[in-house]
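The following blocks contain the structures, represented as structure tokens.
Same chain, two partners: chain A is paired with chain B first, then with chain C.
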Partner chain A sequence: MERFFELLIAAVLLAGLYSTMAYGLGLIYGVLRIVNLNHGGMIMAGAYAGWYLHHALGIDPYVSLLLVTAVAFGVGIVIYRGLVHRLPRGAAGGVQSLLLLFGVWLIVRNVAYLLFTGNDQTLRTSYSTKAIAVGGALLSVNRIAVFGVAVAILAILHLVLTRTYVGKAIRAVAQNPDSCTLVGIPVERIYALTFGLGTGLAAAAGLLGSTLFPFNPSFGAAELLKSFVVVVLGGLGSVAGTAIAALILALVEVFAILVIPAYLTAAVGFVLLVLVLVVRPGGLFGQRVLG
Partner chain B sequence: MKLRLAPWIRPREAVGLLIVCAVLALAPLLHGNVYRHNLLTLTFIGIAAALAWNWLGGYLGQVSFGHAAMFGIGGFVTARVELSLGLPLVPAWIVGGVVAGLFALIWGHPTLRLRGPYFSIATIGVGEATRLVATYWDSFTGGSSGLSLPMQGNLKYTMYWYALVLAALALGASYALRRSPMGLALLAIKSDVDAASDVGVSATRLQDLVLFLSGSTIGVCGGFYASYFSYIEPGDMFGFDRSISWVLMGVIGGIGTIAGPALGAIIFVILRENLIAYYPQLYLGIYGLLLVLVILFEPLGLTGLFLRVFHRARPDLAVGGPVVEPPAATAAVSAPKTGEAK
Partner chain C sequence: MRTTPFVSVLCAVTFAACKPSNQQQAPGQGSAPAASAPSASEILIGATLPLTGAESRIGGFFKEGYELAFEQATQNGGVSVGGKKLPVRLMLLDDTSAQATAASLADRLINSDKVNFLLGTYATNLVEAQSVVAEQNAIPYVNGGGAATAIYKRGYKWVFGLLAPVELLAESMMKWIDAEQQAGRIPKPATIALLWENTSHGKDFRKGVTDFANKGGNYKVAVDESFELNGKDFSALLGQVKAARADLFLADAHLPDYITMQRQFVTAGLCNKVISYGARGSEKQAAEALGKKNVEYVISAVWWSPLLADKNPLAKKFVDAFKAKYAGRLPEWYQALGFETARALFTAIEQAGSLDKKAVREKLVAMKVPSLLPGGALTFPAEFGQQSHAPFVVQQNLPDGSAPLIAPPDAATAKGIAPNPNCK
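On to the complex of A and B.
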């Protein structure tokens, strides 16, 4: 029973990270109707950025989080303006954007490989091994911090999307870009902004993830898939839906360890994805567009 | 006796394919260069695999990043069938291919039903999950130490002709899948599934059929690869870069065109031999850069480039006949036009 509670708490803490990770992908897909296959690449880049800043300059990952997210936001805007923006929209553009962003991902991976080699890295801080006891279970301080930051990010996002003009514009564009043009919303700028936002979220999630897991240049592939599972489960852009879906994924993953061999846990997310696609292709809560 | 061809087959193109095959079939007797012989054999397999990838990725617009799963399954099933039942090569490849095709249906049937990019994302997962399971499934794949197959003396040399037949069959199938009435149905599904269903195209059946054909052909390629190298290992057979290489062949040659991926496979092999072999640490980046450049500047790849050059030289012969364009709008009009030409 005690083990049950430990796993439960572990799943909840993990779900925070998963929802931040997935929200970036869902935001871009919801607004631009493009799957950012470079999502995995940005997760990996965020992890390396946090690791490098800590390793070389001694900056705490939670301090560098803001900087890394801001830089990734800029990178996202550059990728949108320089590459994605040039593709046609609609059915043909869908395949092209997949292939294009996949190409970007391969390049990012190769750059990371050249800069940092293919070896696994871990981000170790002074508090990495600290734990506090909560109701008999030992909880890692770092995991709680990751959870707290992830929840804070989601809360801020939710406020931005529902309370600010820009947020409302983003949601409006997600619903109907043509009408937005009519009422004077700069749709292209909203697209660039959204792409930047999604990319920034991916990097932030990567940085947070780097404090928990070892990573190498191919880090991010499994995370992309997990993000997609969450997006499909939770519907597009709904913060609550994303959080619940992330929790489901985390619970399934964490408890799967009890029944299947460890090396198969990587396949759990995928099996869940196919099951969801078969049983509820519209997500658990129907198709909702942002908010 | 007069041979009657289906109306969609153009005799000139069929004869052209036969002549190219005949030349390639006789070529080894003339050049006698073993390195070139082996390179050509592998190129043929690349051509067959790239074409099979294109049936799904190009004709149906469902890009797969995980076709190595079927390649590996075809390879290992072939190897197991050869080892335990002692089947001869061709039946063993067919068994491997059929199993690979069925495997593709298991995960592809549900994910192909959905609109948008779900299928592509699922393929990334399929590729990874299959590779993991295969690596740890010692009793089937031999784990990371792999499987060895018995090698008969001259077999590797003769397999050139098997590979040529496989590539020719794949090219013929590519032609049939595009030009036959079914090709129109596939095009309709790619453009708009709902509209296609409304006019009586059975989207579900056709998508499954193409997926099975694509998966089983890749499976046969995997089986061939296993027999050819007589040693296979999960990490290599199921490798992610293998899946990417077919994507790249298709994109370089012209995604959705009949013979483009074959051309792409040839370019890819040349590229790999001359560039990537010297800079192995850069191969992913080179792949990625090529993808980005081709998609940005010539979405139909080499085929698009040829069409454009051809179009400029002899506008009367270009696809769709002579097009009179107002001079100022040329750039704006020609971009969507190449899109329609596929």
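On to the complex of A and C.
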């Protein structure tokens, strides 16, 4: 029973990390119908930003979280205005956007190689190895904090999307951009805002990840894949679905160790993805219009 | 259906994730311009190293070792070939830590740049891919970066390895543990939690530990699990270790996984009488990432240590030369192996007295020369597929930040401590 409890807690905390990684990707696809391949690049950039602010200025990563997210939000808007905006809207720009954003990712990664070399970096704080006891199990303070941030992002996103004018506009644009233009919603501004928000969330995820693992400029590739799995499982465009899918994926991966060798657990998520696509192609929670 | 385009890129991204992480080369580390075919007036030696990408840090260390060896050869007037000193030139390319690039660049070096001989790259997977090209082209390939026995079990004639097998690493460590057990400081029988990365490196480590453990009945492997490289969450795996209440925690991991796993190990409140991550343990970077306290008493077995300079004149000569060239910095085993790899090839060329590939290969096969490696001699035994079986040195992190050698007895500079005093 103790072992079951420990695995359950491990899965819940892991879900926190997975969901933070996936929110930004899901949000951008849900509204712009663009697969942001630069999501991995921004995860890596967020990790370096958090590390640099801590390393050079001594700023705690959880303090710099808002700053990094805000700067990445601005970067996202610049990428949208400067590049993505020029592509055909919606599905018509699909392939071009893939190539474009993949190119941006490569540039971001190579800039990181030039600036920081390929060496692994780690972000160490005074609480990096601290733990608190919960029901007999010791839980990492860092992992609990990451989980807390994941829940906070979920709550804030939900509130913004359902209770604010901007949020309602984002949902409306996700549903039917042409009609939105007719009723005076500034669709391009909403697109830019959403792209910025998704980029900011990716950087936030990277910063949180940097408190847990070593990273280098190739960081973000595996995280992008994991984000894909979570977003597709949850149903594209569903924020709550993303969080629940992250929990399901984490539960499956963690408990799989009871029945299969540990090295195969990483593949379990992809098996689950294939099964969901065959049985329920719209994702476990279907297609939603955000919220 | 919205999902379809989303999923259609999944494979593309999967592929992209595996692509060379970087084609860019740092200044001074770039590929040399394509050379003209070498004349008999010089010896052109080709090599690739992972100067960018995941293994770039260690690739840079090997580069330092290669460069020092070439610099020394040049200072000596070149390499003696049939009584005449010929200048020796290194053509070094960046394989970007990618297998395909390592193999194709080796092919380019041999067939386009017409190098006389090849020095190897670093990391088992890269050496594995590159050595095939050397074998196909029948060119001596001497490497100090591939330890997995799988490389040398293929019956290749042109591939020579200076890194002793990881099985031997595990055995060296187990021998020290065994001595501690005989002295009554470790329980008999002792239970082992064995975690290994799912690579040929990890498999060799596992084999070394289990072969030793199964010999005398003094050990019981309670956990035997592998994990994927660059793991993010080891909590389920460490839960098994905790449940097993093992005496010995023996893992085989690369540096990033060592840092991630040890951080989770400490956070979970685990403590074992002996803790090891195979060849990892004493790295300064790990102590910085985890805190000195959290890596105390970790033992590791490595192919070489600068502490060997106290007992081995060649090691001392190398350490002094390295410190002189690199502003007093101490070399790690990577630089030493890079240096010794180049030196082994130079020695074989000198012994052959010609640039004939077959003649140099024969001298490598028969090589038995004094070495800076533990044991003090370098050979490429045919029975082990021309892979060196130089012994490992076992070291242990101490609270003062030092990592003295604790085994084998003839190399030890301090006495190892077991059981781990930090376990209450």
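Throughout what follows, the second predicted complex is superposed on the first by the 271 of 291 C-alpha atoms of A that agree within 3 Å, B and C clash if a C-alpha of one lies under 4 Å from a C-alpha of the other, contacts with A are read in each partner's own complex, and residues count from 1 in each chain.
Please note the rule applied: a residue touches a chain if its C-beta (ideal position, glycine included) is under 8 Å from a C-beta of that chain, and two chains touch if they have at least 3 such contacts.
In this text the structure is predicted, and so the values were computed from the model without any measurement.
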**Prompt:** Just from the overlay, do chain B and chain C fit on chain A, or is there a clash?
**Reply:** clash
**Request:** Answer with first, second, both or neither: which of chain B and chain C does A:G269 touch in the superposed model?
**Result:** first
**Message:** After the superposition on A, what does A:V259 contact: first (chain B), second (chain C), both or neither?
**Reply:** neither
**Message:** In the overlaid three-chain picture, which partner chain does A:L182 touch, first (chain B) or second (chain C), both, or neither?
**Reply:** neither
**Message:** Contact-wise, after the overlay, does A:A56 reach chain B, chain C, both or neither (first, second, both, neither)?
**Reply:** neither
**Broader residue contact with chain A after superposition on the shared chain, chain B or chain C** = C
**Message:** Looking at A:Q96, would you say it contacts chain B, chain C, both, or neither? Reply first, second, both or neither.
**Reply:** first
**Message:** For A:R86 in the superposed arrangement: first (chain B), second (chain C), both or neither?
**Reply:** first
**Which of chain B and chain C A:F228 touches, first, second, both or neither** = both
**Message:** Quick check on the superposed pair: does A:Y113 touch chain B, chain C, both, or neither? Answer first, second, both or neither.
**Reply:** both
**Item:** Which of chain B and chain C A:V104 touches, first, second, both or neither
**Value:** first
**Message:** Using the superposition on chain A as set up above, list the residues of chain A that contact both chain B and chain C.
**Reply:** 33, 35, 91, 94, 98, 102, 109-110, 113-114, 218, 221-222, 224-225, 228, 232, 261, 263, 266, 277, 281
**Asked** What part of chain C is in contact with chain A in the complex they form?
**Response** 1-7, 9-10, 12-14, 16-17, 21-24, 26, 52-57, 97, 198, 225-228, 230-233, 235-237, 239-240, 243, 255-256, 259-260, 263-264, 266-269, 285, 288-291, 294
**Asked** Where on chain A is chain B touching in the complex?
**Response** 33, 35, 83, 86-88, 91-92, 94-96, 98-100, 102-111, 113-114, 218, 221-222, 224-225, 228, 232, 261, 263-264, 266-267, 269-271, 273-274, 277-278, 281
**Fill in**
Counting only contacts in the complex, chain A reaches chain C at residues 3, 6-7, 10, 13-14, 17, 29, 33, 35, 37, 40, 91, 94, 98, 102, 109-110, 113-114, 117-120, 122, 124, 128-131, 138, 140, 142, 209, 212-214, 216-218, 221-222, 224-225, 228, 231-232, 236-237, 253-255, 257, 261-263, 265-266, 277, 281-283, 287
**Asked** Which of the residues in chain B come into contact with chain A in the complex?
**Response** 57, 61, 63, 65, 107, 110-111, 113-114, 116-118, 120-122, 124-126, 128-129, 132-133, 135-136, 190-192, 240, 244, 247, 251, 255, 281-292, 295-296, 299, 335-336, 339
